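Quick heads-up: structures coming right below.
Both of the next two complexes hold chain A, though its partner changes from chain B to chain C.
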Partner chain A sequence: MEIVNKPQKRRPRIFSAEARVAYICLIPAFLGLIFLTYLPLLGVLGISLTNWTGLKSPEFIGFDNYVKIFTTDPYIKDSIIATIYFAILSVIGSMIYSLFIALLLNRKIPARGFFRAVFYVPYVLPAAAIYVGWSWLYEGNFGFFNYLLSELGLNKILFIADSSYVVPSLSLISVWLAGNLIVIFLAGLQNVPVVYHEAAEMDGANGWQRFCHITLPCMTPIIFYNLLMSLIANLQVVTPALALTNGGPGNSSRFMTYLMYDQAFVNYKLGYACATTFIIFAILAGFTAILFKTSNKWIYNEGGDDK
Partner chain B sequence: MSVAAYGGRLKSKKRRDRMMNILTFVVIIVFTILALFPIWWIFRTSLMTNAEIYKYPPSLIPQNWLFSNYEKTLEIFKFWKYLWNTMVIIVPSCLAGTFTATLCGYAFARLRFRGKNLIWALCVGSMLLPAMVTLIPLYIGWTRGLGLNDSYWPLILPYFCGGGAFNIFLIRQFIMSIPRELDQAATIDGAGYFRILFSIIMPAIRPAMIVVALFIFIGLWNDLLQQMIYINSSDKYTIALGLTNFRGQLKSDWSLTMAATCLSFAPGVIFYLIGQRYFVEGITLTGLKN
Partner chain C sequence: MKTGRKLGVGLVSAALVMSVVGCGNNGNNETSNTNTASPGTDATEAPATSSSKTEKVKIIYSMWGSAEEGSTTQAVADKFNASQDRIEVEVQAIPWESYMTKLNTLATADQLPDTGMLKEDGVIQWSSQGMLNDVSSMYEGSDSQPLESLAYKYQGKTVAYAAANEILLLYYNKDMFDKANVPYPPSVLDQAWTWDEFVETAKKLTIDKKGKHPGEDGFNSQSIVQYGASVENLPWQLETWTLSNGGGFYSNDGVEVRVGEDASIDAIQKVADLYLKDHVAPLSVGQTDDGIQRTIIAGTVAMATNGAWNVGTSLNTAKEAGLNYGVAVLPYMKDKVTLNTSGANVVFSQTKHPEEAMEWLKWYNSEENNWALISSGIWMPTLEKWYTDETLTHKWVDNPNFPSYDEYKSAVVDYAQSSAARPASWFFTNNTTEFNTLLGSVLGDVWTGKTTAKDAISKNLDALKAAHTGNQ
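Then we have the complex of A and B:
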């Protein structure tokens, strides 16, 4: 028994009590891992190999669903393009916006708590309500943005009802929602050692140089975390399509998760939807892997700072 | 460098700093106005007549603040019922999720048992699994396997299972930052493992537990997809479902739709104002502990 050999262990009887307590504590996690995570994951794979519609009992059809998705599916290509387009715009937009706001908030300004609250508050509003609210700002005739355009002497735009503007319009909302990124950036900025800045200032470095050579390198681990989180969240985007656009106009906002929802819960093609799910999963995993792969090239690790 | 020159440089630096601070303040105010503007526009619309909404040029402030719009909205938009339904889902989920995440986090942080590394690896692995992947099998399991159609249970019960690996991870990290000497002292005094958990660990990690509760709250609060899938009948609608549906019914009555939107905003803002400190602390925690 390897357990008995552990150095601190003198009385095995107590140890077994310890293990018993641990297993009792972990019952919820066991249930969750088995029934909510790993069995369903196998389930996706299994169901994706069938033609299950929820009515008849499923038949095994091999990789037919996957073949169909890659050859005849009318939506998948548009869907992948729309999702990646949305994710890239949202991720880049919200990273720049939130880093910029965090840099401002990190300076000595009065009422910092108030300002921080202002930028964070969109994040605690129910997402569905946010999209409904913004749909009025984007309204085609009387919406605020069209008022601005007409003041500037430009033509009106239908925004979320126009297939070429719907994705950028929705991305703008998701940039506005990036309050949690701001808070994390702010915490990271406060951890950048002041001595570095002081030393650089002594050497005559200006603000921009200090930002490029001190702040940014020290912030790379935080930037990576935020980048990863917002990429994963934005690639799974579904709420705007559910609350507002129903994937339209045309297929221009038929995001991947919405496509899966539509196949499974509107058309009841469960087997087919599971195949789609698995492809989406592969795409998500691919993006995550690329990000991790490139990370060691640009993440600056302060030696010994990590435990 | 002479002392006088150094002093001069300091002075000019001071002046430059003050200029920069004023500039920062101006820029931050501009951005604050931009960030709050959509909310104000929605709110101001909710207090207007439809004629006023369509006027050109639109006014920034409503002529007479028509709070009666809210009364009208409440007749059709059953806000209080939706809020109650939402709370029926959120409150047990937050409590159960926080409690079970604490139990699991405690086991991983403090106790020694066989298979710990394997189970921990499985836990961390499940963090990398996007939530949408398991949606369809879980739906089939809950509705076909357990017959839970049109029910809140599929939304609540997952939180009785540790509240998600991410929350377990958070609690574990937090417990590990608490000195072990505290536990050891209690052990010498004859306290059992559960006793240590409840009377020493839990009080010490209260901030982390509040943070986990807030995360579960926000997750459910922002969710629409799962609620759409599991809830069918309109008297079980949550705020998110109710509002989405309400908008569909009243496509063009913008003042009432915006009133309903503002009503849906309100609880989130109130919760945020109450728990602001913990929100900020908690998010900071996730960013730095990784």
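Then we have the complex of A and C:
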């Protein structure tokens, strides 16, 4: 104990052998980050200030692309709304769903391993196959869900063909796909100290009280991690638009990443697409910042605040 | 402090990027100089061809397709290479999904092939940026020309010929017609159905669970088990109906936007009403390009409109599996119209050997060299003689991949060279991709009846016009 508490002489850490090794080991990662992330990002910013189409040489046009995006672009507003709507539905849906499933799978139920696999499987299936499968379920005329509805004597629902249903329908798929969140929640649940539960039980707390006052607070760091990952992934959504809806009907599923893809690789307006990319980047950064800002208000750190 | 450092780093790197972009500019300026020089290279061309007497001129031809398809085409090119001693053609196959992206990259790097295929909606755009050569002289003095409707024109000049021909047709399920005891749709243009006749027939073929038809007492549109008709509503195919109703997407020269005219709007509304009011069509929101699979092949719809390529891409296998289908001409509103279309074969302006490139294209485009695609029913020939000379038509159509000869001859071969066949607008109009994407998005809520074609198009007419000028 004494040794640990002794104030040590501080040498500038950069000169210590240990630090040097650490920096050397970090170089490849840094190089990767710089050349594969930061420089391309700056490149995107540079190209976004040009009218590059890939054919003619680019001309510098200042902020024209950004002005166009915010004034005359017929898609961007719908696109941002659709993306945020989708992300909120999917994040909330998949968080609740996966926490609920994780709680169930954390109990001592028969064939637990089997059920854990069952809920994880959607996550590892190939995306294209998943969406084709769901498109058969959702199809507006003869799809399986509509077959069930008409057998029940109900009116058909145009799941992905109706602009008001398409985002909730696609979010449902994304919730169903949240197997990775379940796995992480499960790992978190297994780390909730049993002693707390035992103590609370002795004090007469019921299951719900124990969940609210023990499980949830202990899980907040995991919830934060899952929330962040899920939010970023869902704001970058593009596969359902590419595989199922082509952004439609109307602009109702023209998610931002799809819009960017369309501008860059269908219309070949690369400068314009880069400007859109930067706006997506800003929105993502904004949401992430909000999440981080609010995080210390609700995250419970067992070891105290050690930032 | 932290932000200050970040800002500094940012500025330095931004400067770096700008200088890189700057270099790119210079590089490209040089290439564009050579580009502008190339149309007038006739003088430099002469020595090149004369020296090629001893050494063959090498031409690279790019196509979309798998490596396997590439080697099939290379085998055809090898025949050409062996047939003369001046030109050596090398085929470059690029997968369809990345084809245009790859070509864009090659164009930027000034490394385009000499000649190649180009997607239909890219031809005029590439041409407007000076990337394509004038090919009007390609068929000078030839005994058979491509059909007039298959030439891509930019500012009056022919900048490409279609690699194949395709037209839009009406496919129908004969068994469904026989069962309902309804006469087949006409395969002869003179007897083409009016839109109302088409809708009336479709009603007879639409059946709900209790066997009732639309318009009858007790008919329930929520429990339809078989639909009468489906009109493909992908934006580019909708142009057919606007033209047929006396409107159009654009004026004949491709300059003005006409989709806002009443005739055009009414035509689009009529297509939407097949589902909304007439209850004869399944809902389709123009999202995916698999109309025939969803309708005729799925066995849920009696009649469906779509392109001639379906004969070879999907209907031939369905026919083997027992589908009894026929082909007919499209119904019409005021004028009889079908659209011609096909991807193009172009000569890139970066080439140093435009003459040789054209010679190869002319040879390659002759039907014998694309026989696999033509005899399977995917492509239709481009040269007029296949349509006018019946021995050639027999050679083309008389095989098990096709519906019966008489039907196909009249509903496809004769139809394609009739006055009803008009080139799709991308043969002469720029920015059709952007226009069609926007139109598709504008019409999204029209198909489900949440809004009308009138409201949707009027509200977005300015944006559509801007998209047409490439300026949205």
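Criterion: the second predicted complex is superposed on the first by the 268 of 307 C-alpha atoms of A that agree within 3 Å, B and C clash if a C-alpha of one lies under 4 Å from a C-alpha of the other, contacts with A are read in each partner's own complex, and residues count from 1 in each chain.
What we mean here is this: contacts are C-beta pairs under 8 Å (C-beta built on N, C-alpha and C of every residue); 3 or more make two chains touch, one makes a residue touch a chain.
Since the structure is predicted, the reported quantities are computational estimates derived from the model, not experimental observations.
Trainee: Considering only touches as defined above, state whether A:212 meets chain B (first), chain C (second), both or neither.
Mentor: Neither chain B nor chain C is touched by A:212.
Trainee: Return the chain, chain B or chain C, that is in touch with more residues of chain A.
Mentor: Counting contacted residues of chain A, the larger count belongs to B.
Trainee: Where does A:265 make contact in the superposed view: on chain B (first), on chain C (second), on both, or on neither?
Mentor: In the superposition, A:265 touches chain B and chain C alike.
Trainee: One more residue to check, A:191. First (chain B), second (chain C), both or neither?
Mentor: A:191 contacts chain B only, not chain C.
Trainee: Once the structures are superposed on A, label A:250 by its partner contacts, choosing first (chain B), second (chain C), both or neither.
Mentor: Second partner only, chain C.
Trainee: Quick one: classify A:39 as touching chain B (first), chain C (second), both or neither.
Mentor: Both partners, chain B and chain C.
Trainee: Please indicate which partner A:67 is in contact with in the superposed arrangement: first for chain B, second for chain C, both, or neither.
Mentor: neither
Trainee: Between chain B and chain C, whom does A:96 touch in the aligned arrangement: first, second, both, or neither?
Mentor: neither
Trainee: First (chain B), second (chain C), both or neither: which does A:162 touch?
Mentor: In the superposition, A:162 touches chain C alone.
Trainee: Does the superposition put A:147 against chain B (first), chain C (second), both, or neither?
Mentor: So A:147 only meets chain B here.
Trainee: Looking at chain A, which of its residues have contacts with both chain B and chain C?
Mentor: 38-39, 43, 47, 142, 265
Trainee: List the residues on chain A that touch chain B in their complex, please.
Mentor: 3, 6, 15, 17-19, 21-23, 25-26, 28-33, 35-41, 43-44, 47, 101, 104-105, 107-110, 113, 115-129, 132-137, 139, 142, 144, 147, 151, 176, 180, 183-184, 186-188, 191, 207, 222, 225-226, 232, 235-236, 238-239, 242-243, 257, 260-261, 264-265, 270, 273-274, 277-278, 280-281, 284, 288
Trainee: Could you pull out which chain C residues touch chain A in their complex?
Mentor: Within the complex, chain C contacts chain A at residues 10, 13-14, 16-18, 20-21, 24-25, 27-29, 31-32, 100-101, 104-105, 107-108, 125-126, 129, 131, 222-224, 227, 282-288, 298, 300, 433-434, 437-438, 440-445, 447-448, 450, 460, 463, 466-467, 472.
Trainee: Residue numbers of chain B touching chain A in their complex, please.
Mentor: These residues of chain B touch chain A: 20-21, 24-25, 27-28, 31-32, 35-36, 38-39, 41-42, 45, 53-54, 56-58, 100, 103-104, 106-107, 111-114, 116, 119, 122-123, 126, 128-141, 158, 160-162, 164-165, 168, 192-194, 197, 218, 221-225, 228-229, 239-241, 243-244, 247, 254, 257-258, 260-261, 264-265, 268-269, 271-273, 276, 279-280, 283-284, 286-288, 290.
Trainee: Within their complex, state which residues of chain A touch chain C.
Mentor: 38-39, 42-43, 45-47, 50, 53-58, 60, 68, 72-75, 140-142, 150, 155-156, 158, 161-163, 244-252, 254, 262, 265-268
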